[in-house]
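In the part that follows, the structures are each spelled out as structure tokens.
You will see two complexes here that share chain A, one where it goes with chain B and one where it goes with chain C.
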Partner chain A sequence: MPRMNEKLRYWMLVLPALAVMIFFYIWPVLNIWGISVTEPATGLGNYTKMFDSNAVRVSFMLTFRIAAITTVVCLLLGYILAYTISNFATKARPLMLGLVLLPFWVSVLIRSFAWIVLLGRSGLVNDALMDTGLIATPIRFMHNETGVLIAMVHVMLPFAVLPMLTNMRGIPGSYMKAARGLGASEWRAFRDVYFPQTLPGVFSGGLLVFVLSLGFYITPALLGGGRVMMISEYITYQIQEFLNWGLGAALSVALLVATAIILFVAGRFVNLRKTFLERN
Partner chain B sequence: MDTSDHHFQSDLAEIAAEKYKAGTLSRRGFLSAMGALGLVPLLGNRALAQASEVVVCNWGGQASDILRDLLGKAFEEETGIPVRVDGAGPSAGKVRAMVESGAVVWDVCDSGAGSAIVMNGAGVIQDIDYSIVDKSKVLEGTALPFAVGNYLFSYAMAYNPTMLPGGAPQSWADVWNVKDFPGMRTFRKSVRGQLEAAAQAMGIAKEDVYEFLDDDGIKAAIAKFRELRDNIIVWGSGSDSQNLFLQGEVAMGNIYSTRGFLLREQMEPGTFKMTYDGALLQPGMWVVPKNNPAGTETAMKFIATVQDPQLQAEWFVAIGNGPINPAAAALVPAELSEWNPNTPENVAKQVIYNDEWYGKNQVSAEELYIDALIG
Partner chain C sequence: MSEPILSVRQAIKTYGDFRALDAVNLDIREGEFLTLLGPSGSGKSTLLSAIAGFTALDSGVVHAKGDDITRLPPEKRGLAMVFQGYALFPTMSVAENVGYPLRVRKWSKAAIRERVTECLDLVQMGQFADRMPQQLSGGQQQRIALARALSFKPDVLLLDEPLSALDKQLRADLQWELKALHERLGVTFIYVTHDQDEALSMSDRIVILKDGAIQQEGAPNELYDWPRTRFVANFLGKSNCIEARMTGRDGDHLIAEAAGHRFAVHAGTGVAETGKGCLALRPERIRLGLPGDEPFTGRVKQISYLGERCQVLVDHDVLGEVLVSQPTWHSGVRPEPRMDVSFGWDAKACVALVDA
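Entry: the complex of A and B
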């Protein structure tokens, strides 16, 4: 019996998942794009309105600023953590890995509420600082951008740690030993030999965190005091409060395009295929 | 508790109804969307609301329990017809969806004047039968042909004296005075009930607020929020505003009087005050959907029964809903009287809600307001 045509077999296997994607994702998304140029009137009215609106500009800038800061902080903290886990922890490694993954078991909503308990004006952190006499009046940790950043870094940290960890664990210790053996100082060996090899992991982690942060919704809504309105919350607001589907859809198209541009630019520096598909 | 909170109107059902109307959603798609939202009883479930009971729909939470245990019980005692309370939130969109799909399950709905006007325009609610419902038992101006007042609430100035060593704010102007009254303020994340406060902070007399709030006035009032925004934390739901005071996050703010009534008991003595000076008084409204299962007469009887001043006073004591029936004021325990928005003294202090203004300006003002708060 002749073997089933390779190509046909490939498509047969892909078909169920593809069908689900087309019917439940791609088709509705195309509809949303349609809404952005048809409601309330056919044309590009929603897009002109979007570019004219000061609030949209502010919200977009805020979104990109928060995503960028979150990414930088996550990379810094994550790098140190990944470095420690892969190079120093031996016995404790499973435990430390478990601790990195643990937050995934708790919903973002619960984690955000937990931050409210910690960071509030009469929250644990402020109470402790006041009781020890370090401060006289409570510090405003939340209901502002600071609170959003603290909580977002917390939520995003595993996404930065994991790619870097995978990358670091693939670097044989012999390179560092060779560099040291050739007379390089520890710092120099790290800077010139180890660090360049970790860059793919850093870029992957950074890209993941940045792209995910752009679409963040719950955390800013809960910890931002209503005034740190990132673009996804702004979209929700347009659709739910004003029934303004047209503008909401146009905004989501803009967010998608902006994200695509970033991925495109990043693709010139990072191997995207490796980042998102081939984790080894 | 978020009674008559039109915040909820813009929910999925409403959007689906919009789409249906606009022709972008087929009737089948519309009905299945409603089904998925649990709004259309599945086939065979139509007996859910038989004529042998009255289904009253409000906005859920503790308010639903009290509606059932207090008003529902009184009606059952009087007529023998049991009352079931559904806390699903009868937004204009949902009521329209129900009536248009021919599967009405609610007999009486807790709505607001603005929504009632919209629903009447869409032809989905019945006229109130004033031979059964007593016009004289509601605050003047709240007996519309197609809706009648059920209770009152206000957007009122509240503050925490312990966080204000410089003294208590006396007016909205003081709320805008960050120098003498430092601390965070809370305002609603919607323009409803907020611009009236800003206008008064600019020195406009309470009688002239809506006259002042024309296009230029709206811009000026919004600019006041822009000026204050670094000191503002906004509340989305009524419980948000309650939490902000409970956790000491804000020193003062503009919140529902019903939330203030709860905070009065929840906060330590001396840490919470609320005043009706310059507040905005707004009525909630009963409406009766067309083709309601229990029939027009039963629904009207329910409304008439709960107009009873004694019941109205008990309702206020239980949850802080201001009695719509002015005669109830005398039956409210003396120590709670100052919290009742519907005493002659308190009514005289407040701005009276103007539907017409909201119908005309809300949408445009809302966008400007959010713009001012975020950037």
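Entry: the complex of A and C
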């Protein structure tokens, strides 16, 4: 049998996935772009409306604020966790890694509902606090930014931990030892020698969490209860409730562009290929 | 003798059932080049790590100039260490690496700059100050690691197999440099290696370890000439082990009998003066001759040509296989396979070993 042309073989292998992507993803996205400049009237009307709208501005600012806080908290917690797993846990390492990965096997929807059970007005946390007499009236954990943040951090934590963990496990212990052997205290050795080497992992994890948080829908929608309107939910509202396809489409284009700009800027500091493709 | 700069007493370290250090006692003299030599798992690295403060001993003490430092963290011991993989900090330039020990000691910027230049010149790396460690070759990185360890003027430098990752030629060059550096600076070197050539060529004193215990210590030529145990005789260079019977003492040497011949052998303390014994005989101390020239006669089994030397395996009825090493450039007998030859040695070329 004659050997198939190399190029042809390549395209044959790529084609099925490519076809699905074009048909179900790229084509609809292009349509969205189209809608944003054609509905209800042709032109940039939707965009001017978007830039003039106070509600949109508030929602975008809220989205960026929540994404930023989630990122910072995830990095702080995740760094400690990754540091512990890679430097101290020897026997417990597989178990700890398993616990980090476990949430990936439970749907985000279920995890978000679990938080509602915990944080609600008569949820487990409030009940426990009231029973022990620490508080007299329930604290509002839900349907505000606090609730959204708690649940977002929980959902995003593994995305922060994994890149940092990969990075840290590539750093041999001899660097810290060498620094201490040369006269640096444990803290000094960490600050001067270890921490700078973990920055690529921190940037990767941070970028991943931030970008995912920007477009996050389920968790903010459930925990925010309509009061914490992040941009994805705002878009859903425009389309589902007000049937305002034009503005909804324009907003999704704006979110896409904002995310692209962030990735582009970050790409100058972080190796994106490493962040998204080469995680073991 | 003056007080040792470092001393280890009754050091014990176990990992589960494995005894890494088994009651080790060691004194290190000020200014000496001491090598801890042994196969992997002999405890040499554990001992160095315990001295440096990275390994906590189960029991035993470490003293530095009389002070107990057993419980001090590594950074408080004032010892410098060079690691096997160099461990140059990848986020710092060469100059920053070398200046790091000074930075943590809060030297002024000007003083650091001056000392860094001095140290880089010391290892002939002055022009590489602004490079990053990853841009340097293995040998260059090794030099930087050395300069970094010496920058804060430590009294003692600990080196953990620093040359093991380099190729043979470079290793030989750096051995000379290390030795010269030691002589120039007068710093005490404690060097860990499993390479006997390295140990022989550089050390003032070698400590041979096996199974977490010291087998023998002494100057390189002492250990080579008068090994006490079979392990030392074979680990440091090659040795023929000859089974013999001791028949008594004659002055400061013993009389041994093997294959119908009696001869004088060197004996250290602790060797049984009568009964069965084992002798170590260096291959290059055996003379080869034509049949009748020397006391023992055998047949050449195999010859291995090594360039400057030639190794000859001679089969003897009683002694078994005897390895002889002779220079290729000489005027004596030129052995060939299956040739009958005679062999013998000077009095006291043989050393009686403790473990018969």
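The rule we apply is simple: the second predicted complex is superposed on the first by the 267 of 280 C-alpha atoms of A that agree within 3 Å, B and C clash if a C-alpha of one lies under 4 Å from a C-alpha of the other, contacts with A are read in each partner's own complex, and residues count from 1 in each chain.
Just so it is clear, a contact is a pair of C-beta atoms (placed from the backbone, for glycine too) under 8 Å apart; a residue touches a chain by one contact, two chains touch by 3 or more.
This structure is a prediction, so every number in the text was calculated from the model and none was measured.
Asker: Assess the superposed three-chain arrangement around chain A: do chain B and chain C clash, or do they fit?
Answerer: Fit - chain B and chain C, as placed by superposing on chain A, sit side by side.
Asker: Taking CA centres, what is the chain B/chain A/chain C angle in steps of 10 degrees?
Answerer: It works out to roughly 160 degrees.
Asker: Contacts for A:V153 in the overlay, against chain B (first) and chain C (second): which applies, first, second, both or neither?
Answerer: neither
Asker: So, A:Y237: does it touch chain B (first), chain C (second), both, or neither?
Answerer: In the superposition, A:Y237 contacts chain B only.
Asker: Thinking of the overlay built on chain A, is A:R57 touched by chain B (first), by chain C (second), by both, or by neither?
Answerer: first
Asker: Answer with first, second, both or neither: which of chain B and chain C does A:I66 touch in the superposed model?
Answerer: neither
Asker: Mind working out whether A:G225 is in touch with chain B, chain C, both or neither, as first, second, both or neither?
Answerer: Only chain B; A:G225 stays clear of chain C.
Asker: Name the contact category of A:V193: first (chain B only), second (chain C only), both, or neither.
Answerer: Second partner only, chain C.
Asker: Have a look and say if chain B or chain C is in touch with more residues of chain A.
Answerer: Partner with more touched residues of chain A: B.
Asker: Is A:G120 in contact with chain B, with chain C, with both, or with neither (first, second, both, neither)?
Answerer: In the superposition, A:G120 contacts chain B only.
Asker: Could you state the shortest Cα distance, in Å, between chain B and chain C after the structures are superposed?
Answerer: Comparing every C-alpha of chain B with every C-alpha of chain C, the smallest gap is 46 Å.
Asker: In the superposed arrangement, what residues of chain A touch both chain B and chain C?
Answerer: none
Asker: So in the complex, which bits of chain A are touching chain B?
Answerer: 53-55, 57-59, 62, 120-123, 143, 225-229, 234, 237, 239-243, 245
Asker: In the complex of these two chains, what residues of chain C are touching chain A?
Answerer: 52-54, 73-75, 78-81, 83-85, 87, 89-91, 100-101, 104-105, 148-149, 152, 158
Asker: Could you pull out which chain A residues touch chain C in their complex?
Answerer: So the residues of chain A in touch with chain C come to 172, 174-175, 177-186, 188-189, 192-193, 196-197.
Asker: Touching residues of chain B toward chain A in the complex: what are they?
Answerer: 7, 10-11, 14-15, 18, 184, 189-190, 229, 232-236, 247-249, 363, 366-367, 370-371, 373-375
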